[in-house]
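In what comes next, chain A is part of two complexes: it sits with chain B in the first one and with chain C in the second one.
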Partner chain A sequence: MTGRARIVLWLGRRGLNEVLRVPGASIPGVLAPTIFLLGLTSMFGAAARLPGFTADDFATFIVPVGMLQGAAFSGAATGVNLARDIERGWFDRLLLVPAPRLTLLAGIVASAALRSLLPSSVVFAAGLLIGVPWPGLGATALAFALVMGLALGLACYATTLALAFRTQQAAPLMQMGGFVLVLFTPAFAPEDLLAGWMHAIATVNPVTYVLEGARQGFVGDVTWPRTWPALAALGGMLALLGSLAVRGMRRTGR
Partner chain B sequence: MTRVVAALARRALRTTARRPQFVAPLVLFPTLFLAANVGGLTRATSLPGFPPVPSFLDFQLAGSLTQALLLGGVASGIAIALEIEMGFFDRLLAAPIPRVAIVLGRLCAAAVVALGQVAWFLAVDLAFGGSVEGGPLGALAVAAIGVVAGVGFGATGITIALLARNVATVQGVFPLVFVILFGSSAFFPRDLLQSPAREVARYNPLSLIADGLRDPLVGPVSAGPVLEGLAAAGGVAVVMTAACVLALRRRLARA
Partner chain C sequence: MAAIETEGLERTFKGGLTAVAGVDLAVREGEVYGFLGPNGAGKTTTVRMLVTLLRPTGGRATVAGHDVAREPDAVRRRIGVALQEAALDPLMTGRELVELQATLHGISPARVRGRARELLERVDLLDAQDRRVGTYSGGMKRRLDLALALIHEPAVLFLDEPTTGLDPVSRMTLWDEVRRLKAAGTTVFLTTQYLEEADQLADRVGIIDGGRLVAEGTPAELKAEAGHARLDLTFAAGGDGPDLEAAAAALRPFGTPAPGTDGTHLRLALPGGAAEIAPIVRALDEAGVELRGLQVVQPTLDDVFVARTGHRLDPEEPRADAAAGPR
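Up next is the complex of A and B:
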């Protein structure tokens, strides 16, 4: 294993260590999307009776939304943890490591992708427990892959903010980005049932395509015409948010 | 006493305004959630059994305002817990002021914040094509219920902070806010909720508060729901303020 890969691995493990050592810190990120899934299903379940609703029941429709919310929480947590490391001076010591900034960034955000598996798995399991049909192995794998990719992208976004503000007080901004991106999509209803302004936002929101990709299997079959836009949107997000984070890392300490 | 309460309330308000992590939950998150709900479920008003309302925005507004008021309560609790952790609360206890003024100052600040939240959501409603069907009297009724409920939720947050004495525990209450909300008729008509939320909502005082806030927004002011909402909010405020004072005494006894 090369030195750079080892650094990425160490930093990724350090990020994951927090889940094991301070399990309490992960509870809100796991609980919130699960509560949202169960709560929204209880509240808005009748919406599935609307003409034009594309799923048999509301829970099936929003399980992928809950999984993506889990990704958003994991991405934001990476930024909050980095801000804490900056406040405590640990990050300044990390910058002394003889490694490219890109390697350090990869290590910091890599843990978000793995960490997102925890809340999304709990949401997925909760969905199955309340009667959401099994979407199939391929659809499940695709959904989790998209969740991990989104967590990576949102970790880059949160990292950019952490590097810019250098304080945990920016946490609401980090959380809000993912919150807005996930909910301003066809999260609660199919596109044709959205309000006009929401439809317009959802059309330009890349997470819409990620959500539609993750929703395959839950609603309809997995098809390439719905898969490639999800992968392309995710690729675009990673390129944009990743380059912003790299720029932030390169500027830090100069 | 009044001067001390006013000074502590002013300080609490200044602290809130300076910290973005306090301001965001007070209005920003509930407003974004309101937008997501309205944009996503605007056709819900055509569901059989949905009460006649001018728009889904008008219906949802009461739910988002209730959510904001609850989160304001959590923010009050976090603020007190931070003061306990940083030692400022102990300095207040050592100061020659009535101890109950510490709680009352924070509750006065909670009332002002709640009034600001009501004003914010009414402005959002009007700016995005909604209406206050009950007119100025309706707006006053919403403000009255909102302020009393804000004090009650603030007292709840402070009580938890005084008992727990750490920020992490108070922050842990955050998800519970949603559990309580989702088990009420704040966001959707009670008859259209799924079981068991429908049964829980029947006995959840939050349903009365949300319905009281909603009534003047979606039609002419009717005494029943508004008075029920005011009574429920008043009940929460009285019980939780008493609990708050008891928690303070308990803390003093241990100190």
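Up next is the complex of A and C:
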């Protein structure tokens, strides 16, 4: 293993400390999407009977949404934690080492991908418990991979804000980004049933394609025509948000 | 070659606040350089520029032979830094932090464990190495911070107010470590608000005020510049208090005495040194003034500070630019 890989591993491991050593800290990020899933299913479950609804039941339709919300929470938490590290001076310690800024950034955001597995697994398990059919191993793996990728992208977004504002007071902005991106998708109704303006936003929102990719297996089969747009959208988000975070790191690092 | 050299180093923050206004420094290799000044004088901003955390807005600086603006990574490889607040992750153990720091500095995995153990032993934290840092006392955190700064055996060590807030025992322990580092040939740039600390540890002292270096030299040189030793005289109080007028009259052949604040003291400069004490005591005796006590007071760095800046160095007194952010 190279020195840079060891740094990413160490910083990623450190990012998991909050989950592993302060279990209570991850409760909000786990509870919120789970409550969304259970609450919305019980309130709007009948929506699945609408003509044009593409799933047999509402819970199956929104389980992937809950999993992506878990990713959004994990991404935002990475930014909030970085802002706290900046306030406390820990971040200066990182900037004082000769390691490449890209390596430091990779270490900081890497933990988001792993952290996202906790809320998304709980949402997934809760879905299975309330009767959502097993989507198959391939679909499950794809869904979790997309969740981790989205968490990584949103961690880059939150990291950019943390580096720009250098305060935990920017936490609402960090949390809002992921929340809005997941909300303005066909999260709770198929695209064709969305109101005109919402449909227009969902069409250009890259998370729509990530969600549709993650929904495979839950709704319909896993197909390449629905998979590649998800991967492309995620790749584009990672490229854009990652480059913004790298720019922020380089500016802060000097 | 100077370990640290600056020419006209400046830093002006957004909004126009100039925290450092043209500092020229030359710190020799192996020297302990005390950088002294009150809160907000520009000490920390200067250090942050020298350690590459802040880009200078004017002038230039080299550390360990490398330009801080053009070769920051080369500077980072040669320096160790313990900043004002020991920024340590409370959720990590002491050993984890040292091992992480070693990894960040590119120390090979084969050496990480051994180096971590060696340093933790040196700062007397081996027994606490597997405890979370959040449970450490202030002194333990400072010692761990020092261990982290030394992990890669830096040529130049920056200690930014390392003993602020520490109890006397922890302070002495840190002083001993600084002396050990100096003996091993490490250049130490030590910022402090404590005159005694600079006096005890520093080979040379630079005094900064208002972002400018106002004095520089060895503690002895600076104190010699500040003037002569003085005699503090305390008189016994009679019915209406001591007769300071009679005492002052008796002292006049030796100089002009200055009254103390509580009405029982007089201070007199001693340009002739201790040899003047006996004649002074005789003169007071002959004038019938009862002397209760006397003390020879040597000039201090605080006197130097007053002479150069017009005000005293008070660690408790915050200054306007102390709250200025780092960027």
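Some notes on this structure:
Here is the rule we use: the second predicted complex is superposed on the first by the 253 of 254 C-alpha atoms of A that agree within 3 Å, B and C clash if a C-alpha of one lies under 4 Å from a C-alpha of the other, contacts with A are read in each partner's own complex, and residues count from 1 in each chain.
Simple rule for what comes next: a contact is a pair of C-beta atoms (placed from the backbone, for glycine too) under 8 Å apart; a residue touches a chain by one contact, two chains touch by 3 or more.
Since the structure is predicted, the reported quantities are computational estimates derived from the model, not experimental observations.
If you put the two complexes together on chain A, you find that chain B and chain C both fit without a clash. Of the two partner chains, chain C is the only one that A:P98 touches; chain B does not reach it. In the superposed pair of complexes, A:L240 makes contact with neither chain B nor chain C. Within the superposed three-chain model, A:G89 lies in touch with chain C and out of touch with chain B [touch as defined at top].
Of the two partner chains, neither chain B nor chain C is touched by A:A232. In the superposed pair of complexes, A:I35 makes contact with chain B only, with no contact to chain C. Applying the stated contact rule after C-alpha superposition, one finds that A:R14 touches chain C and leaves chain B untouched.
Superposition on chain A places chain B within reach of chain C only down to 17 Å, the least C-alpha distance between them. Across the complex, chain B is touched by residues 24, 27-28, 31-32, 35-36, 38-47, 49-50, 168-173, 176, 179-180, 183-184, 186-189, 193-195, 197-198, 201 of chain A.
Those residues of chain C that touch chain A in the complex are listed here as 51-53, 55, 72-74, 76-77, 79, 81, 83, 85, 87-89, 91-92, 99-101, 103-106, 109, 132, 148, 327. By the touch rule above, chain B contacts chain A in their complex via residues 19-21, 23-25, 28-29, 32-33, 35-44, 46-49, 168, 171-172, 174-175, 178-179, 181-183, 187-188, 192-194, 196-197. Only residues 1, 3, 6-7, 10-11, 14, 17-18, 21-22, 88-90, 92-99, 166, 254 of chain A touch chain C when the two sit together in their complex.
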